[in-house]
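Take a look at the structures listed below.
Heads up, the next two complexes both have subunit A, just with different partners, subunit B and then subunit C.
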Partner chain A sequence: MALIELRNVRKVFPTTQTPALDNVSVTVHEGERVAVVGQSGSGKTTLLNIALGFTSATSGAVQTADPHTTGLVFQNPITSLDPRWKVCDIVREGKSGSSYEEVREALENVSLDPDVVMDRYISDISGGQAQRVAIARALISEPKLLVADEPVSAVDVLGKQYIIDTFQHAHEERGLAMLIVLHDLGVAQKLSDTIVVMHEGKIVEHGDTQQVLTHPEHSYTKKLIEAARW
Partner chain B sequence: MTKNETTKNDTVRNGAVRNGTSKKVMNKRMGIILKSLLTRWDGLIASIFCMLWIAVSIISLVWTPYALTFTDGYNVWSAPSSSHILGTDGAGADVFSWLMAGSATELLIVCAVAVITAVCGVSGVAVSVSRNSGVRGISVVTFDALISIPIIVIALLCAAPWGASIVGVIIACSFAYSLNLMRVVRPSAITAVRSPYVTFARYKGISEFKIFWTHILPQIIPSVIINVSFASATAILAESGLTYLGVGVPSHIASWGRSLSTAANFVTIHPSVALWPGVIITVAVIMINLLGDALRESIDPLTNAELRRS
Partner chain C sequence: MIDIKNLVISTPSQEIVHGVDLHIDKAERVGLIGASGSGKSLIVQAILGILPPSMSVQGEIFVNSRNVLQMSDTERASMRGTVMSAVFQNPMTALNPMVTVEKNIELPLKMHYSLSRDERHSRVEEALTHVGLEREIMSRYPSQISGGQAQRVAIAEALIGHPQVLIADEPTTALDSIVQQGIINLLVQRTEHQGAAVLFTSHDFSVISRVAQRCYVINNGEIVEEGDLESIINSPHHDYTVQLIEAARDIAISGNDTVDSSRGE
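Showing the complex of A and B:
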């Protein structure tokens, strides 16, 4: 069953002539992990916004993610969390009526010590910890699908590893499906079954992650892999 | 269960708690805010002034050194003395008694303007950042049009049916300052509305009212406090001006503006009589602004480290 389905989607913003998305088709099934990679401005975030229903497509068919079964993680952990809320309240917002134990467990699942961070404000924890708080908020409701926009781009190496472990654990344990925008091909390799390579609003390559990363066909994918090696 | 665990349970207990503020936690926070306010030099001075103001206002309701109707025809324009500590005016009335009685009127005007400005201003901000683009557009255009109406015009409109009255002053000031608050605070509210945490809350289906109350209002509270304190302080000046023009406080009610406007007619002959209401109005305006500034710093967890740790 498809959790998200975009078929032949085209998006043209009123201020530009060039389409931000051009004939894009992406499907995320239950338990499937899809990574969207490409350089800045390739249309990755627009694709996510359409998949979540934040933006409407100019043309094409869209089945948006169900808010009740979807967790969201934004790119910038500092701006994505309310600066005047404590960590416990932020995580609790992810699931209405969640108990103290559930909040603790959600924080423990992202390798944060609840006793240390529960009563802190976002300004009192690091960017990496803040991103893990955002992930705890997204996963506390045990969603079927996680939609994340560059969740590891603003964190350090160790923080990145914690996040990868959390996502892998959630996928293995509960079959969490994912649609993740990434810059890092190494992370994409670890976190996805299917990879979508985007360039100038178009999908230039789409297929099994291992296959695409080890035997790329399109010159742009080869260039991305080459740049990642360097 | 340790004391620490008890506090945390209070913070996130199901049902009884909303956003980490149980009654116990709320009381603790209020204590921290008050302590923080009183440990700042500006907060302390302003708080002492306001307490004195309130005390004098209450006392003036039952006692003044001389009755307001008392006049001493043989003792007009007298200098401060042991019998009249701030002297007398042109009618021989005791200046101190009139200022004392005026403090209650002024306190009423300041409090009423502060409350109405805060409630109407914040409600206006909520409407102007509404998710409905039609409501948003109409409200912004309406507020922009209304803000061009000067206070004096509103005061004249109020004075036409009812004559000079305290209610007219309160309506005129609240109307103008609410619109000003909306204009100043709206950009902060828009920034909050466009933030990812509001996007998340909306995506999760949380009601617009709850989002405004829990996410947007805390972000704009510092600006609201500053604007409300500014409005309250300016209301004193506006009261003086409107009373001087005859559309403010009626002549039989004591007010600082009334004392100033009476003295202003004779300022070239007896400048000392205009001095006292002028001084008290200036000090009150400064103290209200200091209180607003200190309160903003104390109430915001981003600027009050102790509140953050609570």
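Showing the complex of A and C:
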């Protein structure tokens, strides 16, 4: 069953002539991990906003994500978490009526020590830790689908590893499906089964992640791979 | 060029940087690598004399054999742009949003050199070409250009006064991967051309390895390892260095992963 489906979607913003999305089709099935990759301005975030129902498509067919079974994570944890709330209250917000034990477990699942962070405010923890709090909030209700917009780009390499491990674990344990927007193909390699490469509002390559990474066809995909090398 | 001895930086309640020694030779590119909160940016701010007022600093920072910690604000200001310049993580907040790209770039020339308006104009034009930007961008405001373009403008501004050292504090972290690569190549190429030294901070060994010849690894305000970049990457001694290298390698795409990339490996 599809959790998200976009078919031949086109999006033109009123102020511009060139479409932000042009004939884009993406499906996320249950248990499937889809990465949408491309540079700033390629249309990745517009695609995500349409998939979530935040923006409407100009034309095409859209089945948006079910908000009751979808967790959300954004790029900047500092602006997506309430500075007036304690960490435990932020995480609890992800599942109404959740118990103290559930909140502790959700924090442990993102490798944070509940005894240390529970009563802190976001301003008292690092950016990487704050992003893990945002992920704990997104995953506490055990959603079927996680939608994330550049969840690791504002985090250092050690923080990235924690987050990648958390996502991999949730996928392996409970078949969490994902739609993740990324610019880094190295991270996409870790977190997706299917990859969608976007360039100037169009999909230039779409397929099995390993296949695309080992046999890229489009020159733009090759450039992205080159940029993620070490 | 820069010689830091026993640098200690503290807040009123705790010590954050604990006795750091760091040395940069003339025209040498040095990396300072550590995770968030390790103290990298505080060291950069101490060199530039822009630490928050709540921080206290002890030790010595010699730039061209003069201790900047004992200089007046005016003396330090006279060095910025000519002796040392800086680029920061977020170019959008580093440029003055109220003036055009041209006015941003020419600022060091206005402060330190007595040039005519026409001379400044042609220097800015030249600087833009060097950082790969079109002349048309001169009349735009920072909000009217992309993040990658803004970082190029910041580099043009930092290098226009021909500083002896460029301090780059995580200059690529806020940019996407293809743009990052362009900025790194540009920094290396331009500083090499001008004979400027570089101090480059990052949390990512895959980035540092494209810039630095030598590097310092910092953890919780202490230098835990120092040396030639190649030898640190190939045989790291400290557990923390190993952790940083493994994390960066784990996320990067290695040479063997692709069979027909554009590099033809």
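Quick note on the criterion: the second predicted complex is superposed on the first by the 229 of 230 C-alpha atoms of A that agree within 3 Å, B and C clash if a C-alpha of one lies under 4 Å from a C-alpha of the other, contacts with A are read in each partner's own complex, and residues count from 1 in each chain.
Following the convention adopted for this analysis, a contact is a pair of C-beta atoms (placed from the backbone, for glycine too) under 8 Å apart; a residue touches a chain by one contact, two chains touch by 3 or more.
As the structure is a computational prediction, the values presented were derived from the model and not from experiment.
Peer 1: Following superposition onto subunit A, is the placement of subunit B relative to subunit C best described as a clash or a fit?
Peer 2: On the shared subunit A, the partners fit.
Peer 1: Go through the superposed model and pick first if A:E30 touches only subunit B, second if only subunit C, both, or neither.
Peer 2: In the superposition, A:E30 contacts neither subunit B nor subunit C.
Peer 1: Does the superposition put A:E108 against subunit B (first), subunit C (second), both, or neither?
Peer 2: Neither partner.
Peer 1: Looking at the overlay, does A:R229 come into contact with subunit B only (first), subunit C only (second), both, or neither?
Peer 2: A:R229 sits against subunit C, while subunit B stays out of touch.
Peer 1: Once the shared chain is lined up, is A:K190 touching subunit B (first), subunit C (second), both, or neither of them?
Peer 2: second
Peer 1: Could you look at A:D82 and tell me whether it touches subunit B, subunit C, both or neither (first, second, both, neither)?
Peer 2: Only subunit B; A:D82 stays clear of subunit C.
Peer 1: Determine how wide the angle is at the CA centre of subunit A between the CA centres of subunit C and subunit B, giving a multiple of 10 degrees.
Peer 2: It works out to roughly 80 degrees.
Peer 1: If we overlay the two complexes on their shared chain A, which of subunit B and subunit C does A:D119 touch? Say first, second, both or neither.
Peer 2: Only subunit B is touched by A:D119; subunit C is not.
Peer 1: Would you sort A:L72 into first (subunit B), second (subunit C), both or neither based on which partner it touches?
Peer 2: first
Peer 1: If you've got the overlay open, could you tell me the nearest Cα approach between subunit B and subunit C in whole angstrom?
Peer 2: Least C-alpha distance: 13 Å.
Peer 1: Which residues of subunit A touch subunit C once you look at their complex with the stated criterion?
Peer 2: Against subunit C, subunit A makes touches at 39-41, 126-128, 153-161, 164, 183-187, 189-190, 213-216, 219, 222-230.
Peer 1: Quick check on the complex: what are the subunit B residues that touch subunit A?
Peer 2: 4, 8-9, 11-15, 19-20, 195-197, 199-201, 203-206, 215, 218-219, 300-302, 308-309
Peer 1: In the complex of these two chains, what residues of subunit C are touching subunit A?
Peer 2: Result: residues 35-37, 146-148, 173, 176-181, 203-206, 209, 243-244, 247-255, 257-263 of subunit C touch subunit A.
Peer 1: For the complex, give me every residue of subunit A touching subunit B.
Peer 2: Contact set of subunit A toward subunit B: 52, 54, 67-68, 70, 72, 74, 76, 79-86, 88-90, 92-94, 96-100, 103, 115, 118-121, 123-124, 137.
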